[in-house]
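In the two complexes below, subunit A is the common chain; its partner is subunit B in one and subunit C in the other.
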Partner chain A sequence: MNWGVLLFPGSNCAEDCFHAVDKILGKPVKYLWHKDTDLGDVDAIIIPGGFSYGDHLRPGAIAHLSPAMTAVKEFAAAEGLVIGICNGFQILTESRMLPGSLLQNRGLKFLCQDQSLKVDNADTPFTSEYASGDVVGFPIAHNEGNYYAAPDTIAEMEANGQILFRYCSPDGEVSDGTNPNGSINSIAGIINRTGNVVGMMPHPERSADSVLGLSDGKGVFVSMLKHLEATHG
Partner chain B sequence: MEEKIWIKAGLTDSEYELLTKHMGREPNTIELALYAQMWSEHCGYTHTRPLFKHFLTTGPRIVQGPGENAGIVDIDDDEVITFKLESHNHPSAIAPFQGAATGVGGIIRDILAMGAYPIASLNSLHFGHPGEQGHTRWLISEVIHGIGEYGNCVGVPTVGGEVRFSNAYKGNPLVNAMCVGFMKKSEIKKAIATGVGNSLMIVGNLTGRDGMGGASFASKDLEEENDEDRGAIQVGDPFMEKLLIEACLEVFKEDYVVGVQDMGAAGILSSSVETASKAGNGVEIDVALVPKREESMRPEEVMISESQERMLLIVKKGMEDKVNKIFHKWDLHAVVIGHVTDDGMYRVLEDGTTVGEVPVWSLMDAPTYILDAVEPPHLKETMAFKNEQVAQPSDLNKVLVRLLSAPDICSKEWVYRQYDHRVQMNTVVKPGSDAAILRIKGRDKGIGLTMDSNGRYCYLNPRRGAQSIVAESARNQVVSGAEPIAITDGLNFGNPEKPEVYYQLEQSIIGISEACRALDTPVIGGNASLYNQTPEFGSIYPTPIIGMTGLVKSLDHITTMEFKDEGDFVILIGETKEELGASEYLDVIHNLVSGDVPELDLALERKAQDYVLDIIRKGLVRSAHDLGDGGLAVALAESCIAGELGANVSLDLDMRADALLFGESQTRFMLSADETSTDRIVEMAAIQGLEAAVIGRVTKAKTIIIHNMDEKLIDISVDECGTAFSTGFDKLMKTDS
Partner chain C sequence: MLKAIVTVMLKKGIFDPQGRAVQNGLDSIGFDQVKKVRVGKQLEMDLEMTDMATAEASVHDMCDKMLANPVVESYSFEIKEA
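After this line comes the complex of A and B, so read on.
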């Protein structure tokens, strides 16, 4: 079961994602290079956070044009698991692999804090370790995490169970007051229609190593692993 | 009469005379520019170098002391950390966003040049009180934005530091940034140009006219006319820096490079002079080979440009293409601009023609000055302060609330939530605690990181003030479970040519040295930023800033300030004296900066720190907190707020209530522990001859109650304290406050 972490110039959470798979899951993982058109033998792809191409133009706007992203699209079309975290989410919306876009935080400032999330849909390959309604803690660290999509798109996503995580208070209340960045419907993470491509602003890898006092994020990786094991035998 | 060219360049008559003697002739304009930069305070440490002899710079854990891009300390298992701090005060006063951002970038490259991966940044910021002033608020906002933008993008977590306020910094804010790197001992690189014929390669950014003369700009007073020096401000590109880090570390893995130097102040010039001087060699650089972003730059402009995100590599002859190949992978260039020679000359060429030539040693031989020191006149009055001069306020609850919301004490979450403090996944104890703690991956150990200062203390007693800062830094390490290892110091002062400023500088350095010897924390490098004064606001407070690292020998030792459990005993270690002088309380409540700095017995401090670290390592302590700004009451409130618990304590001290609650007597710690451990803690203190008083208990009721000699002094809800603490900074930054 091989995992790949896609490396762009400016990716700065690649090593953290690598660490989560290598040390926390204990599974084989390798870096994928943005200039490569052939990603080789991988079963799941993580597009890590950071500032690919320095966020020039718009976060993710340049990265999505890189050769490797063509290969990622093909991989996803063949039902491969892809998760984009933070800048990875922005790259996935820029490449239209996920709907909507990520605007600047409504407070107009970069925001790094430990954040409570409510699991909205636990019936996916990325969230099966949780129960719907669970409150989990993941750190966030972003300047453009304010999720937006057109109202009919949002309605469709809501109806299809495409919202995976919402920002909430530590006791699970979802409200405008517990929304750190102004995301529509407090959306923190979404999944595509076919259920194999996820984008999320919070960092599950940063809460995967219990030494750091946070361990809720491990569930995302374990969920993916179980799905891979079940489908790949 | 026309101004002499060397005066215009920033050199004195006697310096000019000296350099013509060194050269045996008059310099041309290019050669003059070389001396002007290298002999500035910023590069040549002309005023501070003679004072550095006081510092202890060696010790069992010191792998590299001062003299390289950064110092190195041993953290066992053949692993080392390297760290240094640097000021970017003058650029930040004029262009706060870029000034602060490039300060972060510069210090990260110093760490990179040692061969290390940068794993953490900290910063110490000093501003005037915003009050009604939109300008100060703008400075604060932009500096913090600049630090965040650079650090976040480059992927180095900003894990700690401090933000302090006094109108002494109104015209001249201080921005000091510290970076810490990690590597194996075998990976250490040096800034040395060995091997005649080896190539000098410039890597990273293009060279432009930005940052022209930054070193000499930093070495004069900040005046209105300095707006003309705007060209001396550099522009940062954190994306380029990130690529530079990745590419350099990939190159360092191979055996291609003999020396590395960051290009900081005075750019290509100072980086190449320093590497050549260390090897006793000469170098030859052809400015025509330097990749530029601007046309028709003069040779001296190319040599002293401070364009950011550039490094100098000394590459083994024949390996240039291999180096270039790795940089090319990261879409960067690595270009040969010259080579190492055996004649000891620093030679500048333009298209193959020599345009300047001076002895390398002479550029490194900046004259030093030992100036007159005179005790500042204000000390006569401030030292004569008596507690009786101020009346004790009747409502002490109110005083506590005001102190908790005071700019120096209140929560800095407004600041650090703009910094990515978790990237790289090593941050175990995040900003807002006594010390930040990072784990070392794959090991059961960590490092403690702190940055501390107290300009008011040093203004009122430069020597003991400086001692106190080192002692406080070490206390912050110890209460977090770390053994203090070493320091880097940032010497921020006014114009040393003023005798009272030189006195402050000299006394502060002596104070730092004394404390470092007592606490076994050698000085492994640092930075001097002098001439921090403006015509309107005068000199800044003398502000030595101490960046300290400590070793957490097991992650089990990590201890934090918040109370953990209802019923735990609260223990006060150390003696509380009737000391109000120099306190935050006097400043905030009585608007008075006066009195002497609290007494400090360095031998006792050492003993108390060893003891506290010992009981922490034995697992006896649930929470530990240093008593600092705002004294006992503030420390108790902070432990309650962070733990969301209350405390009920009683003391029995015959003294003024305000001194007891808010005085800043040194060498004190507040601990909490369960009953069995408390007994042992008290016993062990008695054996050491240290004072340890069980003063009360942690309560589930979220109230802070403090009695003294049966009189109730404080009775206030933790929530009220918490709100004051957490909203203080927001209020400061709101324009309508």
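After this line comes the complex of A and C, so read on.
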């Protein structure tokens, strides 16, 4: 059960993701390099946060053209589990592996705060450790986290249960007032139609170790592990 | 040599908070006749090409593959002798 953490020039959350798999799950994990054309023997791929290629042009715009992303697309097409966190989410939308795009926060400020999230769909390989309706706390740290997709795309995603997390208040209220960045329908995390590629702006890897004071994010990694164990034996 | 000047803008209907901030700034110094501002970006590219039609096709391709994100952005460009 091997995990891979994909590194780009400018990734800065890779060690936290590595730690979550290595120390919290206790599973084998290796770094993958953006120039790799062969990702080797991996069962799950994490695309970490950061500022790949300095976020030049648009966040993820240059990273998604890397050789490794061609391999990631092939991996996902073969139903491999892929999760992109923060800049990783932006890379996945730029590559069209996920619908929509992440625009500048509506308040024009870089947001760096602990954030309450409501679990919208707990019936996925990434969220099975939660229950739908759970309120969890993950940190957010982004300037372009304002999720946008065309209205018909949003309607389709809502109907298909593709929204995994929404921004909310600590008591679970989802409203414009509890939406930190202007995302449509307070969307914080989504899954693709086939249910194996996730993108989310909040950071589960920064809330996976109880020593950090927040441990709700651990559920994302444990969910993925349980799915891999169930499907890979 | 040819020069391409590419303009990338957020699509119509997508809120541009930066444009709003610029509009508010202009308003605060007395330019209250400004009712809307959209901020985009311009790329100037020197092309080692001579044929205009080929250059146009190439710049279209660059915009579609990388310079603009069609989900949220539109683009236009002009090409002239450098």
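Here, the second predicted complex is superposed on the first by the 233 of 233 C-alpha atoms of A that agree within 3 Å, B and C clash if a C-alpha of one lies under 4 Å from a C-alpha of the other, contacts with A are read in each partner's own complex, and residues count from 1 in each chain.
Throughout what follows, a contact is a pair of C-beta atoms (placed from the backbone, for glycine too) under 8 Å apart; a residue touches a chain by one contact, two chains touch by 3 or more.
Note that the structure is predicted; figures quoted are calculated from it, not measured.
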Touched partner set for A:Leu57, first subunit B, second subunit C, both or neither: second
Touching partner for A:His203 - first (subunit B), second (subunit C), both, neither: first
Which superposed partner A:Glu144 touches (first subunit B, second subunit C, both, neither): neither
Which of subunit B and subunit C A:Thr93 touches, first, second, both or neither: second
Which superposed partner A:Glu129 touches (first subunit B, second subunit C, both, neither): neither
Residues of subunit A touched, compared between subunit B and subunit C (which is higher): B
Footprint overlap on subunit A, where subunit B in one structure and subunit C in the other make contact: none
Interfacial residue positions of subunit C with respect to subunit A in the complex: 10, 14-15, 17-18, 21, 65-67, 69, 71-72
In the complex, subunit A residues that touch subunit B: 9-10, 12-13, 15-16, 19, 23, 49-51, 53-56, 109-113, 139, 141, 143, 203, 205-206, 209, 211-213
Subunit C contact footprint on subunit A (complex, rising order): 57-58, 61-62, 65, 93-94, 99-101, 103-108, 148-150, 182
Parts of subunit B lying in touch with subunit A, wherever the complex brings them together: 145, 148-149, 152-155, 237-240, 242-243, 246, 330-331, 416-428, 439, 441, 555
